[in-house]
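Take a look at the structures listed below.
In what follows, chain A forms one complex with chain B and a second complex with chain C.
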Partner chain A sequence: MTVQSPWFPLFTAALLVIYYRVPGQWQWRVLLTGSGCFYLWAGKAYLGFLLLTLVSTYLAARQMGDGQGREDRKKRRPWLILCLTVNASALMLCKSCLLPGAKELLAGSRVEFLTLGLPLGISFYTLQTMGYLIDVYRGTVEPERNFGKFSLFAAWFPQLIQGPVSGFSQLGPQLTAAHPYDGQRLSFGAQRVLWGYFKKLVIADRLAPAVTALRQEQTVGGGFLVLTILYAVQLYGDFTGGVDIALGVSECFGIRLPENFRQPFFAKNTAQYWRRWHMTLGTWMKTYVFYPVSVSAPVRRLSRWARARLGGFGKRVGVYLATGVTWLATGVWHGLTPNFLVWGMLNCLVIVLSQELTPLYRRFHSRFGWKDKPWYGVFEGIRMFLLMNLIRACDLYADPREYFHRLLSLFSVPLWRQPVPALGLTGADWGILALGIGAMLLVSLLQQRAGSLRQLLWRGNPWLRYGLTFLLLVAVLLFGRYGVGYEGTNFIYSQF
Partner chain B sequence: MERLLRMLTQLHPEVTFTPDTRLLEEELLDSFDIVTLVSEIDEEYGVVIPAQELIPENFATGTALYRLIRRLGEG
Partner chain C sequence: MKKWCAFLCGGLILGLLQGLLAPKYTGLTQEGGLIREYYQNAGGNDVIFIGDCEVYENFSPITLWQEYGITSYIRGSPQQTIWQSYYLMEETFRYETPKVMVFNVLSMKYDSPESTGSQSRREAYNRMTLDGMRWSSCKWKAVNASLTREERRWGGALTYLFPLLRYHDRWSELTAEDVRYLFHFQPVSHCGYLMRTGVEPMTEALISAPMTDAELGQTSWEYLDKMVRLCREHGTQLVLVKSPGLYPVWWWEWDRQVTEYAREQELLYVNMLPAQEEIGIDWMTDTYDGGLHLNVSGAEKASAWFGKILQEQCGLPDHRREETVSALWEARCRAYEAAKAEGR
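Up next, the complex of A and B:
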């Protein structure tokens, strides 16, 4: 069973019926059983990896939080290091098996099965459990003593495949609390799930063949630019759609997961973009990599040294070093192929450059006074959209040389000279895509201006609400890519 | 508090900071600013702020940050 298969809504509906029929103190057991069934159904070949993480993290957290470890941080440290090493190694081993040539290398060996793909959800549940472990080490979270409750936090099925990444203090208590039936909440959750399926099945999956065609056609120049734009829309529909499904399903059960996106394509600079795109990964990296590296003793020493010798720039050396380490970690988390390292370093470069150019921007704006003009805001938005698209296209080429060849072709091949190859989409496909993308843009604009649309609709005329929900359902059923004989496209982030 | 407000103004000269200015809610400080501020506090007050204290509650306002500096300075 996959989230995009018709079985998933049926499975969730059956679980909801049971969930709201059992007494409150039994509800978390229903969720745990449901999550277990989902994993067995969707990825039982890799159950060993999940169990390794669950058992090792549970035991290490208990060792750190109970007994002698409770009082003495030094006694907690070996458990932290051991457990982080075990889990990070398992994650890296799985990711390295996806490297080019790994299949041939592993042929006939005992780990050959790993070349099938990444264990279901490993990148996400590893991050979430590592965060929990570090929180227990720091003493900001009490270790969970019930193995079942801890397992539910680590493997809550809606968020298992592509997040969002949650903290224990925020998610743990919600999962084990009693949640009485609430019609409004259920309706809000269902609407969000439907919207997620719309983005995934109607937009992202319809665009997938065009992106694949452009990628395989060795496209350069204008074709490459078109590819970066189509891939941006596909990834947005795919990833935000998947996360909407995760948040919506959780909401149906009375569980509020953290938001992962806030209209990222309306960002006007890189820092803003990364505060709006994959927010929970950003928060995780900031909390557990960027801040600890920034305030670590060696970086503080380096900062003092640089400050004394390099003046203003020296003050920022430590921050830039921590930024580099954070983006390296983010790149490695996405994949071990060189393109993800390049992707991470390009993001780091853009952030550092914009930071260094800040005084220049300030002078420019005080001279021309364009900052507050509406057209300048639109220009900044388009500039950021195109820039992030170009960096994101790194995802598409495992070999960075191929990526740079295409990137440079934008400046060497006139954009109009390079014909765009056949994209495998019919006129009807383009029509549906235009309407779907228009709807997605309109919703983002309204959310940016008015906040939650579901709240607005709830307060308004109920017939409008029913009508729109019905329209959305019909759109998914009629125009969504699913059904017998159709092999659904996996969520892009499930491969990271 | 005066010194702290001066540090904040050095980071963002275009903003007039008061002890109760909402630093995070109004998106005046980002993670770069927070780390730069931590380094300045280390220099000015001789107080090292550890990673686990870099949480939104401690950086919500100048007052909250000043309270953190005093607490860590005393401990």
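Up next, the complex of A and C:
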């Protein structure tokens, strides 16, 4: 069963009925059983990996949080290192099986199945359990003593496929608390799920053949620029759609997961963009990579050394180094192929350059005074959109040389010289895409200005609410690309 | 209250959309609508034929009535597999208990949904059989037995219960027919017989694919066993038939196995292939597609010949003297003759 399968809404609905029928203290057991069933249904071939993570993290956390480990940080450290190594190794092993050439190398072996794709949710549950383990090590979180409750936190089924990544202190207590039935909450959750399906099935999957066609055509120049734009829209619809489904399903059960996006394409600079795109990964990297590296002894020593010798720039060397390590880790988390490392480094480079050029920008703006003009805001938004698209296109080419060749073609080949090849979409497809993307843009604008649209609708005429929800349902059912006859596309982030 | 009204309205609209988008099978692929027609004609049939195109194109219930007063109906559909035939049989017993169930054995050569051809082709044939069935446990079991791997990946049985999930993208292909037949069902058959009046002589030998397996598959035998048990439970005589047709080839090895099975189970097995001369089939005039299937002239000859066997060996009564039954069948005969005269 995949999230795109019609069984998923039915499965969720059945679980909801049971969930609100049992006494509050039993509700978490229903969720645990549901998550177990989902995993068995969707990815039982990889159950061993999930169990390894669950058992090792649970035991290590217990060792760190109980007995002598509770008092002495030094005694906790070996458990932390051991468990992090085991889980990170499992993740890296699985990711390395997807590297070019691995398929041939592992052909006929017992682990050949690993070359088909990553174990369901491994990138996300590994990250989440690692965060939990570090929190226990730091003493900011008490270890969960009930294995079932811990397993539920690590493998809560809606967020298993592509997040968001949650912290134990935020998610754990919610999952095990009693949640009485709340019609409004259920309705909000269902609306969000529908909106997620709309973005995934109507927009992202409808665009998928065009993105694939452009990739296969080895397009350069203008075609490459079009590819970066279409891929941005596809990835946005796919990823935010999947996360909306996860958040909506959780909301139906009374569980509030952290938001993962806040209108990222309205960002005006890189820092803003990364505070709006995949926010939970950013928070995780900041908490568990950036800060620890920043305050580590070697980095502090380097900072002191640089400050003494390089002046103003030297003050920032430590931060830049931590930023570099964080982006490297983010790149590796996405994949072990070189393009993801390049992607991470490019992001780091843009952030560092933006930081270093800040005085220049300030002088520029004080001279011309454009900063407050509305058109300049639009210009900044478009500039950011295009820049991030160009960096994001790294995802599409495992070999960075191919990527740079296309990137440079933007400057060497006149944009209009490279005609855009046939994209495999009909006029009706483009019509639906135009309407769908328009709706997505409108919703983003309204959310930016007025906050929660669901709250607004709830306060308004109920028939308007029913009508719009039904319209969304019909749009998903009719215009979604799903079912037999379609090349089904998995969520893009489920591959990372 | 408002909420329930909204749910009701939503359900109605979705139902309408489903009806609109589902294929109507009134154009070139009329055979897709055959299974659905049975429910209006269920009851009062002494014989039910079950099987693939070799039953709905090669036997004419009207001829059986005209020649012998046998009341019959054909539950046939294109490339119907044996597991589909079995569940159709099971479903039929919910509506009536015929004296004889005739099963065409050609489909025994398929042992799994995958063995019947490409996934997309199989799916199209599955739809033509299963979409027409009414919701019931029989349909559910038939669907689950029929799903291809591709179908299982994408919603599987649910898409048969809610065909909107399968036909959702037909909105761009809708025609006036889809609207015309939204509330009104147009029958295309004569008691399950799909009349073909054209003639396309067999001018060249049809080359069959070589036989890949001399043994009929295990699944086929299991379903045949189930058919035997089911018919015995209902006191119905199961008759196995291999209808006339030059292609696909019914290999003698298969025929030997079915003959042996019929002997062991004390079933009547009629292979019409060796009797084609006796039946009087002329492949220059009695086929509409170069020897694959019979046209109306061939179907009438085959039915007349087979009806005699049914009457003699199954002891079926002649209903022509029964006033009510006769009135109903005479009306059917008039419609049949008119269609034949019009060549449709």
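The rule is short, and it goes like this: the second predicted complex is superposed on the first by the 492 of 496 C-alpha atoms of A that agree within 3 Å, B and C clash if a C-alpha of one lies under 4 Å from a C-alpha of the other, contacts with A are read in each partner's own complex, and residues count from 1 in each chain.
We take it that contacts are C-beta pairs under 8 Å (C-beta built on N, C-alpha and C of every residue); 3 or more make two chains touch, one makes a residue touch a chain.
This structure is a prediction, so every number in the text was calculated from the model and none was measured.
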### Message
So in the superposed three-chain picture, is A:Gly480 touching just chain B, just chain C, both, or none of them (first/second/both/neither)?
### Response
second
### Partner chain(s) touched by A:Phe470 [first = chain B, second = chain C, both, neither]
second
### Message
With both complexes superposed on chain A, which partner does A:Ala308 reach: first (chain B), second (chain C), both or neither?
### Response
neither
### Query
Which partner does A:Pro462 contact after superposing on A: first (chain B), second (chain C), both, neither?
second
### Task
Look at A:Ser5 in the shared chain and tell me whether it touches chain B only, chain C only, both, or neither; answer first, second, both or neither.
second
### Task
Scan A:Ala428 for contacts with chain B and chain C and give back first, second, both or neither.
second
### Those residues of chain A which chain B touches in one complex and chain C touches in the other
none
### Task
Using the touch rule from the top, collect the residues of chain A that touch chain B in their complex.
138-140, 271, 275, 286-287, 290-292, 294-295, 300, 303-304, 307, 315-316, 318-319, 322-323, 355, 362
### Summary
So, in the complex, the side of chain C touching chain A is made of residues 2-3, 6, 10, 13-14, 17, 120, 123, 150-151, 153-156, 158-159, 162, 164-166, 168-169, 171-172
### Query
Taking the complex as given, what residues does chain A use to touch chain C?
5-7, 10, 426, 428, 462-463, 466, 470, 473-474, 477-486, 488
### chain B residues within the chain A interface of the complex
14, 30-32, 34-36, 38-39, 42-43, 48-52, 54
